[in-house]
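One chain, subunit A, links the two complexes that follow: it is found with subunit B in the first and with subunit C in the second.
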Partner chain A sequence: MASRKEGTGSTATSSSSTAGAAGKGKGKGGSGDSAVKQVQIDGLVVLKIIKHYQEEGQGTEVVQGVLLGLVVEDRLEITNCFPFPQHTEDDADFDEVQYQMEMMRSLRHVNIDHLHVGWYQSTYYGSFVTRALLDSQFSYQHAIEESVVLIYDPIKTAQGSLSLKAYRLTPKLMEVCKEKDFSPEALKKANITFEYMFEEVPIVIKNSHLINVLMWELEKKSAVADKHELLSLASSNHLGKNLQLLMDRVDEMSQDIVKYNTYMRNTSKQQQQKHQYQQRRQQENMQRQSRGEPPLPEEDLSKLFKPPQPPARMDSLLIAGQINTYCQNIKEFTAQNLGKLFMAQALQEYNN
Partner chain B sequence: MSRFFTTGSDSESESSLSGEELVTKPVGGNYGKQPLLLSEDEEDTKRVVRSAKDKRFEELTNLIRTIRNAMKIRDVTKCLEEFELLGKAYGKAKSIVDKEGVPRFYIRILADLEDYLNELWEDKEGKQTALASRFLKKAPTTDEDKKAAEKKREDKAKKKHDRKSKRLDEEEEDNEGGEWERVRGGVPLVKEKPKMFAKGTEITHAVVIKKLNEILQARGKKGTDRAAQIELLQLLVQIAAENNLGEGVIVKIKFNIIASLYDYNPNLATYMKPEMWGKCLDCINELMDILFANPNIFVGENILEESENLHNADQPLRVRGCILTLVERMDEEFTKIMQNTDPHSQEYVEHLKDEAQVCAIIERVQRYLEEKGTTEEVCRIYLLRILHTYYKFDYKAHQRQLTPPEGSSKSEQDQAENEGEDSAVLMERLCKYIYAKDRTDRIRTCAILCHIYHHALHSRWYQARDLMLMSHLQDNIQHADPPVQILYNRTMVQLGICAFRQGLTKDAHNALLDIQSSGRAKELLGQGLLLRSLQERNQEQEKVERRRQVPFHLHINLELLECVYLVSAMLLEIPYMAAHESDARRRMISKQFHHQLRVGERQPLLGPPESMREHVVAASKAMKMGDWKTCHSFIINEKMNGKVWDLFPEADKVRTMLVRKIQEESLRTYLFTYSSVYDSISMETLSDMFELDLPTVHSIISKMIINEELMASLDQPTQTVVMHRTEPTAQQNLALQLAEKLGSLVENNERVFDHKQGTYGGYFRDQKDGYRKNEGYMRRGGYRQQQSQTAY
Partner chain C sequence: MATPAVPVSAPPATPTPVPAAAPASVPAPTPAPAAAPVPAAAPASSSDPAAAAAATAAPGQTPASAQAPAQTPAPALPGPALPGPFPGGRVVRLHPVILASIVDSYERRNEGAARVIGTLLGTVDKHSVEVTNCFSVPHNESEDEVAVDMEFAKNMYELHKKVSPNELILGWYATGHDITEHSVLIHEYYSREAPNPIHLTVDTSLQNGRMSIKAYVSTLMGVPGRTMGVMFTPLTVKYAYYDTERIGVDLIMKTCFSPNRVIGLSSDLQQVGGASARIQDALSTVLQYAEDVLVSADNTVGRFLMSLVNQVPKIVPDDFETMLNSNINDLLMVTYLANLTQSQIALNEKLVNL
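Entry: the complex of A and B
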């Protein structure tokens, strides 16, 4: 959504569809007071990520990799990346950290930026708001404050517009994650909602002048037919998939709520019991007092009534976040499609 | 027995000696030896028949078997004992051995023994304690005894070596064994005929009956030689017949012979030996002959021993004994024999031939009891008859039905008709009698089930179904005992198959669902035990279950059963799946069928179908596409014919029915699947595509429209189906589902909100009854009201 392109390299890939969204993303990014205000990506990195997915990822499988670069003022420049190897069960003793260090050392030898600034991941229909992503981004951000995660959506890209987004955890969420307390009260106190879990950082793609020149030249040569995916009217499949996924999440959400509901009911029931117990105790004590007997000894109420385990609310937050992403996806997609349909209609009428 | 001989007769006989031996042996604590000696004894009486060689060799093998047993349990003492016996027996068999050469089993046992001994010696150090404890357990032997045993063993080893060398010697020179044979030859002559009565005793009724009672007293006692007892009884009959003691006595003795024949087997699990079985059948037949020939004999179990009248010819003869029980027992024995014979052997066929005899006997008894028996007895014998009739397909009646009597074949027809009444008529008659007269529930239940089964077997679906519904058996069959339940299962299955033959796939599916969905069809039909549950049951249960098994000739082909089930499921499920493709709340009609489909999908490489299941799966896939020709070729082809369809009595009829069903259901599936891409279809095209005639197509489509399965209308003049296109698209469906889910989400959310309001007391009340809850929502605000209004 926020892939605003700078430079003239890829003007062909609809700046119109992303321009509006970019502003919004920027606004949101600006609201957080984090260290990074902007992400600048080298064309090389984009191509490498795309290539990585095309070679190794398929279907629901995701590919991941490390981003390298450096921080300049409030701008994060990503100048290179390398993929995590796909590891199978055969080589269970594969050491990822070792591999990363080795890789970075090698890159340093050839004079490439070797600072670890984040990681990237591909996604399947925008379903990336997961616990795993949260955990790893948290550990990244904990270690390297400026790090971001780049989400690459190959399906949207295949439809004609590059979809690459940079996300960071909001400072609030960082706090919560640091505490590791996901109880309803803690989240309430932190005042966190699904909207403020991730902040999106605007992206700028930068190419060297030489490449820009090359692009110009290529554009002149390229045939027109290459750009037709963008205008494809066959949208039902994509929409159906999105709906299906959305439905699954809604189901999960429902379950989660039911769980929470039971918890609430149990707590209130217990509260009532506790209350009754206390009252009874009081009455008895009063009677005893009137009879001149010593009052009953105080008992530990918390031992008597163990409060039920509160369900972790992080999951439902994540699900809500995911639902939000899907909804936005669908909204964006349908808006574009409506436009296309109107255009097709107009064309039809014109032809007749 | 020995007591009998000493008191009952003063003549000394060989068998009494053997009897004494029997009595004394068990005192030594060796029960295991008893049956062996018994059989040996029996052999002796039969020596005349057997060849000397067989007899000797059998003796040897018997000994060898006991030695092996002793080896297994490490009973060295016994081993030695038997070994010595073996040596003697070998000596006796000398002459034969010289003729035939040394039998291989003899050499083998010697070699094995030697190995065993060596092993024992080697093992001795390690196992000493174990052995010692074992010996101590067996008998209070001490170390000294053990040493003695070891010494014996040493001796034995030595002896064995001697014998081996001796045997080698003997192979060269053959002049020793002759006299052994001669000496032995004398013995059996003495043994041959145990004398019943002292010579010159006048044989009268009183004497014979006294004798009989004496013999009977030994019955059931430990150590009684059952074979000899039978022998004696038979002799007694002969004597009675020779001396013209009248039919009463003979009948009485015959009863007892049969009873002791049944008694011959010590426990329930083992079955009769063929020769015994033959004897038993003959005996019952003879008995029936007598009873039919002498209508003045009364037989009954309620006649007391004292009131029996066996010889007074003036009054009707009265004999205690129940022919019905004997026949029932005989039937049980027959079942047992069938259960215990390998169904794929020639032997089984041989045994099965006896079935005719059994049936004949039952028929005779039935005739007899119809004249003389009480209704209860008649019911019982009728049931027996029914049980022997219901599972047989009446080819004659079938043939008669197919070819209505014409002039040319009239004589044949008459002949066939004369041979016996239709089994259907017979069943009807017998069953109706039972329905009317029976007072025990079990017999009636069995009769009904058999009747239904018989109807179903002969494709009289409606009678069978009505009877099943009228009997209300489906409600309370679970209270019946397992054999009746098995019968019920068999009947249901047969009913299902019958429905299938009639083209009533839905009924077929329903009838078979219970049996097939459990995956234990084999067990439920009593056609075999499942290995899976072997751990769950103990030995005792397994024995009981084994006894419940249905003999092989009554089996229902399980593959046929499964095929019928799967094909009916396919015919129901595929159109249903096509109609409800995007319905989230779609339920499965048949889980098993889905399971098979999934198994088929999981295959990484799909070859041409091999098994019946693969055929059905492949056919289902073809049907899904509306391709009825491929479907047809998968369901009906050489392989499937051989495996399934040819097993039906009217195979061709079933096949044509099936083809038609496939065509119809394919048409429906096609319409469901592809109606969204058509604006209109000509019915003629459809009728061409599915090779159905126009009226059929018309009726199918009309039915679909009426049931609101197909949103379309018929255009009569052009003979086309015009689609309305009102079904929601996939996206719309999804959206609808999503809306539903969101609705429930909102509801759940509101409950949470209720909590937040702090009215948890109210909440609980809400939960208890729906009406109040609804009210609560109404009270709470406009939003909800609005929503409910839009919903209506």
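Entry: the complex of A and C
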């Protein structure tokens, strides 16, 4: 009964029972409506995520971890988290699941919420819309309806303000992923655009009273001045990097578009050929009839003209989503910089 | 190319009233074929929350042998000979995440437990000891005995080591404002794990209206040749922050000012506004000071003020105008480009779906 199933195909049957149980009657969010309207994070979780990245994730590697907490009405409360080891050795596959189970068991003993509610990942300049993330989030959301993925951007945080976002897959995308059918027709039917792939859930940070006391204590003890990184004007490096990533993605996108166009052209050519063949057949048959000979047998058209393979549209959706994220990041960044420039101008005017 | 992650679901059909363990989906991007069927119903041990008996911690593990000497009744204990001088000088550097963790585990303590204890992890270097991580350890404490689940501690340490292999056991922490006799015992347990363990106390009972945070290391005292006692000597505690941690702490600190202790994350221009407001405050403080102290002032402060005022570079106005305009043009161009790209992909979407 408490057996664990593996394999991608069998998720459908097990998911319904787990999703029902995971919902626990706490309002499963209705059909098509999102189950989670707000994410409430403890200060502790934020600090832990920051620390994890700082210590283990230098460079372009992503660090990941698991979020623990509970669901209260339409809020998702995240009260603790633990990090996941990196995939460095080959035997890490087996360790992962066991690590997780052990961790959760141990945490249960010290009364920490041991309910899985999501996972977190760090990102490099905002490039997190990948197939891997989609799949992971899908499997999470499938099993636990209210789960979110927290994306932590360390580089943006180092520039002055915490960058933490919570994402979920939209219900429409969940449907499509369930079917595992990523052909153009299916996507068109589901009417998904890249903007409706992920939905962002607003985050609030909440602390208990005792933690507030701790914060006051820290403030008194450590009179370290703020480094006003946020107001620094020398940030062209960051912008350059962002633009470069954007360009790469746009290149990929154009390649994808070319592929799709060729496919469309091939399909239409094939249609024409089929049509012509049919017509010729009919003519021949008519001629034969007029001559009194038996008509030629109907041949299976589909065997003669094998339809070309439709390209998977999921990748292009992902690329479009990624481009969108980059553009939004860039716009945010330029808005901030414009503000800073105008401030510098005001200072300079006053000087003169 | 990345095949979808295998969802591993454990349907919570367990009979225990414990809130069922949510299915442990593997968040890894690489496929993880979970072959081992873990008995998810095993940890039914939570019926006894204060169970220091580690036997039920994990099925098939031997009970902690370290609990055995828990029956020592006598208060004055002869301390074991602790090896060597304190490594790394006399300074302990703490990260704020530790303190937040400790407070959180204190809030979640079992019924009837007066304090919580746990292990401190971190690194040692020549000048100081840096504590970067911690986890709480279940323990049982009563008038005349104390039992610590050392097996659990060892397990957790192994798990933590998988993530950060550089962290060592540095010592232990306890909430509460005093050092009791049981602390000595627990300290002895820990001295088996680490060469010269640190003991950290966080006063969550808020005596004197403050949450005092102190660190100690134990030294021998007494008359040589006779029974030796153990004394806890205090150490200096400093707080270390990574840059990003500093920013995180600043943000979290804002909840102190909100009525229901909740804050949201601010958007781009709001952040710039906030930062400039902070600088304004700082400047007004400095101005106030300068006006108050007109005649006799500190020379060093005066020099700092001079350098501050000279920070604003003196540039010929025309040059500055050109610089400013070119920068603004760059930014506007980039914004335009971003908007253009977004409209392009939207168009593409529409065309494809025709």
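In this section, the second predicted complex is superposed on the first by the 301 of 352 C-alpha atoms of A that agree within 3 Å, B and C clash if a C-alpha of one lies under 4 Å from a C-alpha of the other, contacts with A are read in each partner's own complex, and residues count from 1 in each chain.
We take it that contacts are C-beta pairs under 8 Å (C-beta built on N, C-alpha and C of every residue); 3 or more make two chains touch, one makes a residue touch a chain.
No experiment lies behind these values; they were computed from the predicted model shown.
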Problem set entry | Combined model on subunit A where subunit B meets subunit C, clash or fit | fit
Problem set entry | Winner by number of subunit A residues touched, once subunit B and subunit C are compared | C
Exercise. Does the superposition put A:231 against subunit B (first), subunit C (second), both, or neither?
Worked result: second
Exercise. Is A:257 touching the first partner subunit B, the second partner subunit C, both, or neither of them?
Worked result: both
Exercise. Counting only touches as set out at the top, which of subunit B and subunit C does A:268 meet: first, second, both, neither?
Worked result: first
Exercise. Now for A:239: first (subunit B), second (subunit C), both, or neither, which partner does it touch?
Worked result: both
Exercise. In the superposed arrangement, which partner chain does A:291 touch: subunit B (first), subunit C (second), both, or neither?
Worked result: neither
Problem set entry | Overlay on shared chain A, then closest C-alpha pair between subunit B and subunit C (Å) | 6
For this session: Using the superposition on A, tell me which residues of subunit A are in contact with subunit B and, in the other complex, with subunit C.
Result: 239, 243, 246, 250, 253, 257, 260
Exercise. Can you list the residues on subunit B that touch subunit A in the complex?
Worked result: 729-731, 734-735, 737-738, 741-742, 744-745, 748-749, 751-752, 755, 760, 763
Exercise. In their shared complex, at which residues does subunit A touch subunit B?
Worked result: 236, 239-240, 243-244, 246-247, 250-251, 253-254, 257-258, 260-261, 264-265, 268-269, 272
